[in-house]
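The two complexes that follow have subunit A in common; it is paired with subunit B in the first and with subunit C in the second.
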Partner chain A sequence: MSLAEPAALPVATSAPPRLHALRRFATGFKASLPAYLLLLPSLVFLALFTYGAMGRVFVDALYQRTTPKAPVRFVGLDNITAVLADPSFTGAVVNNLIYAVGTAIPSIALALLFALALSRTNAVTSALRAALFLPVLIPMVAASALFLFIFLPNVGLLDYYIGRLLPVLPNWLGDPDIALYAIMVITIWKNAGYYMLFFLAGLQAVPEDVMEAAHLDGAGPFMRLRYIILPELRPTFLFVTVIATLNAVTQVDHVFVMTKGGPSNATNLVLFYIYEQAVEHYDIGKASAATLLTLAALMALTALSFRTLANRDGGP
Partner chain B sequence: MKLFNALFKDAPLATRNEITPKLGFALTVLLAIVWLIPFLWMGVATLRPPSDGINLMAELMPSLKPTLDNIRDAWEIGDFPRYFLNTAFICTGILLVQFVTITLAGFAFARLAFAGKTLIFYLFLMQLMLVPVLLIVPNLRLVAQLGLYDKLTGVMMPFFASAFGTFLMRQAFEAIPTELEDAALIDGAGLFQRIRHIYVPLSLPSFSAFAIISVTSHWNDFLWPLMVINSPDKRPLTVGLSVFTATAEGTQAWGTIAAGTLMVIAPLLITFLIFQKRFISSFVTSGIK
Partner chain C sequence: MLFSRRLMLGLAMAGALAFPAMAEGPTEIDLFFPVPVDGKLARDMGTLIKEFNETHPDIKATAVYTGSYDDTLIKTRAAIKAGKPPAAVIMSANFLLDMQIENELTNLDSLIAADGTTKEQFLGQFFPALQGNAVINRSVYGVPFHNSTPLLYINADQAKEAGLDPNKPPQTWAELTDWAKKLTKREGDKVTRWGIAIPCAYDYCGWMMETLTMTNGGRYYNEEFGGEVYYDTPSMLGALTWWNDLIAKHKVHAPGATPGPAVSTSFISGNAAMMMLSTGSLTYVRDNAKFNYKVAFIPRNVRNAVPIGGASLIIPAGLEADKQKAAWTLIKWMTSPEKSAWWSRATGYFAPNMAAYKTPDMVDFLGKNPDAKTAVEQLDVAKPWFATYKTVPVRKTLEDEVMLVLNGKKQPKEALAAAQKAADELLKPYNAETSLKLP
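Entry: the complex of A and B
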């Protein structure tokens, strides 16, 4: 190895270390210049809309402005305490947690079922995959328009076919106890086909001969799932869980179209709360404080999952 | 049952007689049908004559007297051609700029050595975690300060740089043998010539994969354009559809809503059905997004 890389051998230098470092930096910068120029367009936009935006959230969360024209006033952590004390924010957080768990688990379970059933490729499985994947492609707003009718009381699709079996027809989107679960159905319908793709890709890694050997040893389908397939799919699970959690926070367009957070805040989710504070109450301070808290939570989560992933890869 | 066995004929011999996988398959078929019902209703309701009344609106059996009235109504009430142009303009604009930024940055990461490479790599990685939709509040203020409020450019700008695209191109460029570039170097080709004539033509599959992901995601964007756009004539399809739905819901014009929804999603669905394989493999790579 050292023979192949003679440059890595210590070479005697005459220059004093300080000057040496400076010169090395200068030549390094000069040699790096073409790369920096190529990266510049991307970095400009990232600086404006990602890092800059982060910085602005931090600053805005520390100031208060009562009306759009009023001067800003430094309030320190007041916005954050105000948001944490706001029952509609804490309500939105609780709703969002229920929504995240209640959409992630069913859609991932369904995705796994779909992938296991459709792992072999033929004309029939391709058609079924396409059918399950269709909802992924359409805008959440379009899905909302369709489900508005599906959940319509009395004459809607659900009541027309299933509601007849129930003694009392529930008002799917109008009942505060049910509305959150109704919008969860849309998310599951829309995302299961997407997660299915990752499980299909993950299943390619399950060795066929191990499966056969397990079968010869008397392992039934569930044993093989439990002891061969699921361990093999662990990275996929972790990865899909992160995406599903991110989606549960960011993909909430149906709340805007269908319920506007109602009835009585039952479907108010964090992003909708942020939007309302910023656009309807013009309270940039509170909106920024809520954004900051959400970002912190999400970053902690992704960092945690990346660490789990790294530990698993590095571990025995 | 025969059909079922035919479907499982390529399963390993040993497992072919197991019942559980077949039950799972049957359940999946059932759910796939359930998954299609909203689309089925959309099609049936679009063609149903308004004279059938609200009580038959949910019927999934198509009407015997199909009509295009709903499509005409939706076309006239909603400003769909305009919305369509706005969305197409936004998606194309974003994609063209992204092609430039991700090619240049992807090349730098794939082929050039430079100081601070790891640091800059992590700076890019940050964008994957800081989902742009969460930064709507600070970005809306920036867009307003730049004088781009209520402008389509304002809708596009936050997406001009793409970490996902950069990583995708880096991966594609790394797979290209350096010998090709060396040959071009000997012929005296400059940096941009090498990118233009060697790297880009050999990475077209990655560009098309990225284009599919970029266009579908921005075609479906709702919250950000909703905040940036104020004038009705600048609305993209998603915002237009939500306004249209809110109006038509008031008059219980469900056939018109179905027709409007159909018009909004038809272009993507048709493209998907033609390029199904390519879409699916692109979406698998989108996982790292």
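Entry: the complex of A and C
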């Protein structure tokens, strides 16, 4: 938007348009030079550690070796095709989709519920907010170690209480039908408090006068929620959904600690699949190809949501 | 690659010529070490290295903690790629073959020869069972440092209560099944105490499958060649079927896949009367069990046999000569009888150097802790740990299928056939350039 502004300025020359544009670029560049200089240190590090690494992944994804002693050679898109044909990759994608939907929706719903219940500030709600935010402060690895104990079959905290009710105790992390859901519970427990913060902030922005007017018009609590609060919270929803989806792909610490993708690949998520390819299979080509695919999906998702956000901000 | 190595060598030589004074300082070397059991190990390693530096003024060794066995492999490989390999690494014994195939290991033969000893003399110090994982193609690539075997742990109090004599532990699968039945406690349909627990999580599961297959007369892999595994065989089918029977038929083993820590917690809390677990857990059980326990050999169906576990010291490829020499000095010192014995007492692993058990301190220790002796005695029937091309993924193909069986989702026969197929697929590239590369 700011780039378009100089064009609106009246320019009193009759030079050919090409030169005109060049000169405009030069003056524009001269004006922003100090800004670029100030940014330079960060740009260098960004290039080195973010874009450099991404570039390397891109290059690595194009090379492969046929046998262990053979040198790597250029294979083009073969690595990507191999990844897409790998049943454990597609399995990981399906797991990741279930995981993303199954963690995003409940944690967002819980977060909204918490935020609505605790939107007024007083001593009690402050204490409760702090309590609900606590899981966010615990590192994922530490939380996983805690839950490892809670989920211990037969002797864990969960079985100790549930054990009296069920005839056969479930093996929470050892049963491929349950393990992914056990992992999801931790994510929901950990993230709901974090998303609650965004909703609390969003609720502050709900205009007081509109709420008052609704009150006067006799709108009940449900009506106010349905027709005023939820529409006002729309940008927050969108933002939190993006964050939750990104988290579902990038946070796999608990998978590392608790299940290593098992049993029988039941909790294998995309990021863990990449780790497996890189470390266990020592197949840098395939790992890079899977990284590229994930990166592309994430960037598409982010771009899409930011565009939607921008549209909404620009709209009525 | 070759060019850059030559260039580096040239630069190093030029540096050596230009600064002759530099050669006079101590040689600085790094030792990468994992902590597979508990945090105390890191402190013990610090003590060990400090003593080494005090007795070897010309070398300055630094111990670098590198996480689990898997993390240590990752970090070592990253360091090699970055051109700065550590001088020595304590590496999981079954990763050596894979690293050798990738040209990441220094062949130790010339270092042994430079000492004026033969390979046979050098290896002769260690228990024969440990040599299989240290020697590849008749060359020495690793020196055994701390090792383990699986053991049968029995809650002696519960055994007595069930009318069983803990001094005569079960020796065959039939006896073990019988013991497990007698030790399982039920309230109606509900089991309140399991007769036996066998761990199954990635890594442990493969090791237990190797254990059961070996006691059933079979082998897990081709010990001489990294391109073959024997999953779809009668001996492994029998092993997996028996494990599954303990769950589905006899109902004396909890269903599903249970990781190692859950198994030991279950045993310590009295929830499982027997368990199969590594000797590495012996110190933990000794410190935490509030009841009398016994350890015994893994029972057999066909023969007594167990795989080894643990780690070896290696020297990564691509090191300067002086660092290589310093690393070799460190390795020999760490695996000497006295140090080996000290490390064994500190950690619970057994000492790979046979002479360690003749040191006075060790004789004294075994007198006080006879259970530590069982692990050493079982070494007579121990054999190497599975190591193939791409050891971990090949192992996982089996473990994934075993987990399905233990969860009642697949029959042993079809599970093993599927595992064999997946493993063969992974081993294909290696076979293509070895066994199937024909003139």
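By our rule, the second predicted complex is superposed on the first by the 271 of 316 C-alpha atoms of A that agree within 3 Å, B and C clash if a C-alpha of one lies under 4 Å from a C-alpha of the other, contacts with A are read in each partner's own complex, and residues count from 1 in each chain.
Heads up, the rule we're going with is that a contact is a pair of C-beta atoms (placed from the backbone, for glycine too) under 8 Å apart; a residue touches a chain by one contact, two chains touch by 3 or more.
Small disclaimer: the values here were computed from a predicted structure and weren't measured.
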Check your understanding: If subunit A is used to align the two complexes, do subunit B and subunit C fit next to each other or clash?
Key -> clash
Review point. Thinking of the overlay built on chain A, is A:Val72 touched by subunit B (first), by subunit C (second), by both, or by neither?
Key: neither
Practice item. Tell me which partner A:Val155 touches in the superposition: subunit B (first), subunit C (second), both or neither. Key: both
Exercise for review: For A:Leu216, select first, second, both or neither according to whether it touches subunit B, subunit C, the two together, or no partner.
Suggested key: first
Review point. So, does A:Ala130 touch the first partner subunit B, the second partner subunit C, both, or neither?
Key: first
Exercise for review: Check whether subunit B or subunit C contacts more residues of subunit A in the superposed model.
Suggested key: B
Exercise for review: May I ask you to decide whether A:Leu113 touches subunit B, subunit C, both, or neither, giving the answer as first, second, both or neither?
Suggested key: first
**Study point:** Contacts of A:Gly174 with subunit B and subunit C, given as first, second, both or neither
**Key:** second
Review point. So, does A:Val206 touch the first partner subunit B, the second partner subunit C, both, or neither?
Key: neither
Practice item. For A:Val185, select first, second, both or neither according to whether it touches subunit B, subunit C, the two together, or no partner. Key: neither
Review point. Is A:Leu84 in contact with subunit B, with subunit C, with both, or with neither (first, second, both, neither)?
Key: neither
**Study point:** Footprint overlap on subunit A, where subunit B in one structure and subunit C in the other make contact
**Key:** 148, 152, 155, 279
Review point. What does subunit C use to touch subunit A in their complex?
Key: 70, 73-74, 77, 98, 101-102, 188-190, 194, 200-202, 254-259, 261-262, 265-266, 269, 271-272, 389-390, 392-393, 396, 399-401, 403-404, 406-407, 409, 429-430, 432-433
Check your understanding: Across the complex, what residues on subunit A touch subunit C?
Key -> 66-70, 148, 152-155, 167-169, 171, 173-177, 260-265, 276, 279-282
Point to revise | List of subunit A residues in touch with subunit B within their complex | key: 25, 28-29, 31-32, 34-36, 38-39, 41-46, 48-54, 56-57, 60, 110, 113-114, 116-118, 120, 122, 124, 126, 128-150, 152, 155-157, 159-161, 189, 193-194, 197-198, 200-201, 208, 211-212, 215-216, 220-222, 239, 243, 246, 249-250, 253, 256-257, 271, 274-275, 278-279, 284, 287-288, 291, 294-295, 298-299, 302
**Study point:** Of subunit B, residues touching subunit A in the complex
**Key:** 7, 10-12, 14-15, 18, 20-21, 24-25, 27-29, 31-33, 35-39, 41-42, 45, 54-55, 57-60, 100-102, 104-105, 107-108, 112-117, 120, 123-124, 126-127, 129-142, 157-158, 160-163, 166, 191, 216, 219-220, 222-223, 226-227, 237-239, 241-242, 245-246, 249, 254, 257-258, 260-261, 264-265, 268-269, 272-273, 276, 279-280, 283-284, 287
